[in-house]
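The data blocks that follow each hold one structure.
Look at the two complexes coming up: chain A is in both, with chain B in one and chain C in the other.
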Partner chain A sequence: METGLLVQMLLGSLLGLSVYLPLRCGQLSLATPGFYAIGGTVAALLSTRVPALGISDATYPLTSVMLEMLLAALLTGVLALGLGRVVLRLRGIYLAIATIALVEILRVVTLNLEFTGGALGIFGIPQPFSGPEGYAALTFVVLAVVCWLCDRLEKTRPGRAMAAIRDDELAAASQGINTADTKLMAFVLSALVAGVTGVVAAHFLNSWNAKLGNFDASITTLAFVVFGGSRTWLGPVFGGLLLTALPELLRPVGDLRLIVFGAVILVGPLFFPQGLITPELFQTLRRRMGRSAAPSPQGGRP
Partner chain B sequence: MEGLLQLLFNGLSVGAVYALFALGYTLVFSVLGVINFAHGAIFTLGAYFTYFLIGGAVGANGLMAGLQLPFSLPFWLALPLAGLGAAAVALVGERIAFRPLRDRGSDPLQALITSLGAGVILVNLIQLLVGAESYSIPVGTLEALPVALSIAGAKVRTVQVLLLVIAGLLLVALSIWIDGSRSGKALQAVSEDPVTAQLLGINSGRMIQIAFGISGFLAGVAGGLVGLSVSIAGPYFGIGYGLKGLGVLVLGGLGSVPGAVLGGLIIGLAEACVPSHLSGYKDAVAFGFLFLMLLIRPQGLLGRPLAEKV
Partner chain C sequence: MSLLQVQDVGVRFGGLQALQAIDLAVQEGEIFGLLGPNGAGKTTLFNVVSGLTAASSGSVRWRGAAIDGLSSHRIARLGIARTFQNLRLFNSLSCLENVLVGMHQHGRQPPLAALLQMPTFRRRESQLRQQALELLSLFGLESAAHQNAANLSYGDRRRLEMARALASRPQLLLLDEPAAGMNPSEKDDLKNLIRRVRDEFALTVLIIEHHVPLMLGLCDRLAVLNFGQRIALGNPDQVRRDPAVIEAYLGGTP
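This part shows the complex of A and B:
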C-alpha cells in the first residue's frame, strides 16, 4: 500500500474522532471541516509568511510544525468555546443545520479574503519531511495521542457523563451532571482535534484552499462515524481508515466508486444502526476468545 | 426607480425558486421531522429531465453520450413531466432511505445520513450517465415569447417573469390543497401526530408518500426553471441550492408552508441587494440569516414555538 494513502487514512481517522466527540454526548455537530480548515489555514499562513519559522531551511523544522499545532489548537479552542456557548443551546437537527451554516460562512469568507489566497489558496507550504513516511509517523503519533485521550475520557467521569447525556439529557441533568459544560467540553475537544489535524494535512498536501472545508467534507467525516460506530472511539478510527481507503480500494470499479460510497452511507444505518464497532461487539469477542482458550469449569453458560 | 424595480424582480424570481425548494423540505419535515438531504439531487434531476424532454442531446462524456430523445416537447409540457419524473424518484428515495428506518422506529438523525447517501448516489449516477459538463436550455424554447419584457420602464427577462408566475401558481395551489381539501387536512393531521392520525383512520404511510411526491414535484419544477433561467452547471449544482434551502427553511420556520415562501422571498431579495463589489459574499447571505435566526428565534419567522417534550 502507498504510504501517502496511509497518511490520508490516518487523517481520516482523526477527523472521524473529531465528529465522534460531540456525538458521544448526542450532539450532531457538523462543524469539524470548519475547524479543520482553520487549522490548515493557520499552518499555511504561518509557515509561508513567517520567515522566522524556517521556510528557507532545507527541511522545515518539526518544532515549527509543533508551534503551528499549538497555535491552531489555541485558536480553534477559543473559537469553539465562544461558538459552542451559542450553538449548543440548539439540539438535534437544529444544531446540525447551525454548524453547516458556520462551515459554509467560513468557506465563503476564506474564498473571498485576500490573505487566504482566495479561490486558489496558498501554495508551497514547506515540508518538514522528505517523504510520506515522516508524515505517516507524525500522523500516527497524533492519532495515538488522541485515541489515548479518548480512551481515558470514556473511562472517567466526564466521559461517562457524556454517554449519560446521550442516553437521556434530562435524567443526566437530574443526576447532577452539568450538561451544558459537558457538551461544551466535547465541542471544544472536537475543534482541537480538527484544528491540529488541519495543520498536519496542510503540510502533507503542500497547498491549502477553501474547498477543503466544505459541506462534502462534513458528509464524509460524518459517514466515518456513522459507519464505524459512535459508541466507542474505535468506531470512528475504523470508519475513517476504511472509508478513506474505500475509494482507492474501489479503483477497479472506476466511475462507480462514489456511487458505491453513497450506497455504503445509505445502507450502513439500515443494517448496522449502531455502526460496525460497538462495545457489545467486544464483549462478544472476548467471550468467544475466552471460551476457546480456556473453557470455564462450569462448562459454559447454561 | 427602474434600477430598484429591476432589483425587485431579480430578487423575487430567485426567491421564488428558493421558496419552491424550501417547500419540499418543509413538507417532508412536517410529516417526518427529518430533513431530506437528497432534495438537492432531486432538484438537479428535474433540471436534467426538463433538458432532455425538450429534445436536448447528451454531451460527449458519460455513458449515455450523444443520446437524444426522438421527440422534443414544448417547455410548458416538459416542465410538469420533469416534475413528475422527479416525484417518482423522490418516492423511490422514500421507500429506500426513509421507510425502513421509520418501520424500525430509529433515531430520526439516521435518516439524515441515509438520505445523504441517496443524494450522493443520485448525483454520481447523473455524472456517470451524462457527464459533468454544464448544459443550458436554449432561450428559443419559449418560442413565441420575447426574450425580455419592459415593465414600468424596467427591462426584465421573460424567464424571470415566467419563473415568478409558475412558482406563484404552484404555491397558491399547494396552500389551497393543504387548507381546503380532505387529503390536505389529513396531511396536517399526520404532521401533528402520525400515530393519532392513523387511529383516526388516516393512512399515515400514504400521506407521507404524498408529501414526498409533492416535494419531489416541486423540486423537479424548480430545477427545470433554474435550468432555463441560468443553466445546469453540472450534476452538483443542486447541492448549493440544497444548502441555501436550509437557510430559507430555518428563516421561515421548519414545517411552516407560508414560512418557506416568506423565507425564500426574503433571502432572494437580500441576495439581490448585495452590492456587486461584494458579490463573492452573496452565498453567505442565506447562511448568515440562518445562523442569526437560529440564535434569536429557532422556530423561525412563522413557525410554532418548539415544544420541549419531557
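This part shows the complex of A and C:
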C-alpha cells in the first residue's frame, strides 16, 4: 500500500473520531469539516506568512507544527465553546442542519477573504518531512493520543455521563448530570480533534483551500462513524480507515467504484445498524476466546 | 421545618388544569403516599418537584428554600432522586453502569488521576463499583450486573430504577408506581424493601401507587388527588374513611 494513502486513512480516522465524540452523547453535529478547515487554514497561514516559524529552513521545524497545532486547538476550542452554547440547544436533525449551515458559512467566508487566498487557497505550505513516511508517523502519533484520550473518557465518569445522555437525556439530568455542560465538552473535544487534524493535513497536502471543509466532507465523515459504529472509539477509527481506503482500492474497477462505494455505505448500516464495531462484538469475541481456552465461568446465562 | 413543602402549586397545560392549588408538607423520615385515579395529576406533581415541569403558580420548598425554577440536575444534586412511571433506564448500558451513572455526583475525580489511572483513581473507582454492586444485590440484581438494562424483565427494570435512584444517596426518594407490572408476591416484597431502604438509608419516601391495600399498609400519611385537586390528606385510617375518597377513588370499599 502507498504510504500517502495510509496517511489519508489515518487522517480519516481522526475526522471520524471528531464526529464520534458528540455522537457518543447523542448529538448529531456535522461541524467537523468546519473546524478541520479552520485548523488547516491556521497552519497554512502561520507557516507561509510567519517567517520566524522557519519557512526558509531546509525542512520546516516540527516544533513549529506543534505550535500551529496548539494555536489551532486554542482557536477551534474557543470557537466551539461559544458556538456550542448556542447550537447545542437544538436537538437531533435540527442540530445537524445548524452545524451544516455553520460549515457552509465558514466555507463562503474563507472563499471571499483576501488573506485566506480566496478560491485558490494557500499554496506552498512548507514540509516538515521529506516523504510521506514522516507524515504517517506524525499522524499515527496524533491518532494514538486521541484514541487513548477517547478510551480513558469512555471508561470514566464523563464517558458514562455521555452515554447516559445519549440513551435518555431527561433521565440523565435527573441523575444530577449537567447535560448542557457534558454536551458542550464533547463538542469542544470534537472541534479540537478536527482542528489539530487540519494542521497535519495542511502540511501533508501542501496547499489548502475552502473546498476542504464543505458539505460533502460533513457527510463523508459522518459515514465513517455510521459505518464503523458510534458506541466505542474503535468504530470511527475502523470506519475512517476503511472508507478512506475503499475508493482507492476500488480504482481498478474504474467508474463503477463510486457505485460500489455508495453500496458499501448503504449496505453496512442495513446489516449492522449499530455499525461494524460494537461493545457486544467484543463481548462475543471474548466469550468465544474464553470458551476455547477454558470453560467460561458464567457460560450458562439464559 | 418540613423537608419538602409544596405550596399552592398549580400546573396548566393549555386548557387543562393538571394541578390546582396543591398544598403538601412532607416530613423528614416519613413514607408519604400519593393516591388518585388516572390523570389525577400525580406524576405531574413529581415532575414539578424534580424540576421537569415548571409550575404555573405556587412554589416548592426544600428545607425551607424555594427550589422552583432550578434545572433538574440541580434539584437532583440537592438530594432528590426519582424513578419514572414509564421506565427511563439507560438501555445500552449494563445494570452496573446504570447504577454508576446514578452515582454521578459522588464520583468526581481529578481529571489527571483519571487519565493516568493513578492508584487513588483506581481505588476510588473500585470502591464505587463495590457500592454499586451492593445496591444491585439489595434489589436482587447482582447476577444481572453486566447484563444490558434493556434485557431485564419488567419487574427487574423497576427494581433497577430504584437502585439507580438510591445510588445518588438521596434524602428524598420519589417513586412513581414502583409496583406496576409486578405480581402480588413481588408487590409484597417491594413493600418490605421500601421500608427497609427507608430505614437503612435514612430516607424520606414520596410514593405514587395505584394498589390501595399496599399503600394503606405502607404509608405513614397519604394525600389523595382527583382532577388536579387534593381531596384528602391524612394517615391511612383517616384516608380510608374519608367520604370524598370513597366517592372519588375507592368506589365505596372502605
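Here, the second predicted complex is superposed on the first by the 294 of 302 C-alpha atoms of A that agree within 3 Å, B and C clash if a C-alpha of one lies under 4 Å from a C-alpha of the other, contacts with A are read in each partner's own complex, and residues count from 1 in each chain.
One rule holds for everything that comes next: a contact is a pair of C-beta atoms (placed from the backbone, for glycine too) under 8 Å apart; a residue touches a chain by one contact, two chains touch by 3 or more.
Computed from a predicted structure; not experimentally measured.
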- Task: Give one of first, second, both or neither to describe whether A:L170 is in contact with chain B, with chain C, with both, or with none.
- Result: both
- First (chain B), second (chain C), both or neither touched by A:I93: first
- Query: Looking at the overlay, what does A:R231 touch: chain B (first), chain C (second), both, or neither?
  - Reply: second
- In this superposed model, does chain C or chain B come into contact with more residues of chain A? B
- Figure out whether A:A58 sits in contact with chain B (first) or chain C (second), or with both, or with neither. neither
- Task: Could you tell me if A:L266 is touching chain B, chain C, both of them or neither one (first, second, both, neither)?
- Result: first
- Between chain B and chain C, which residues of chain A are contacted by each of them? 170
- Item | Complex contact set, residues of chain C against chain A | 50, 52, 71-73, 76-77, 81-82, 84, 88-93, 97, 100-102, 104-105, 107-109, 114-115, 117, 125, 147, 164, 168
- Query: Along chain A, where are the residues that touch chain C in the complex?
  - Reply: 149, 152, 156-157, 160-161, 163-164, 166-168, 170-179, 231, 301
- Note on the structure: In the complex, the residues of chain A that touch chain B are 28, 86-87, 89-90, 92-94, 96-98, 100-102, 104-105, 108-109, 111-112, 170, 215, 219, 222-223, 226, 255-256, 258-259, 261-270, 273
- Query: Contact residues on chain B for chain A in the complex?
  - Reply: 33-35, 96-97, 100-101, 104, 106-110, 112-114, 116-122, 124-125, 127-128, 239, 243, 246-247, 250, 254, 280-281, 283-284, 287-288, 290-291, 294-295, 298, 310
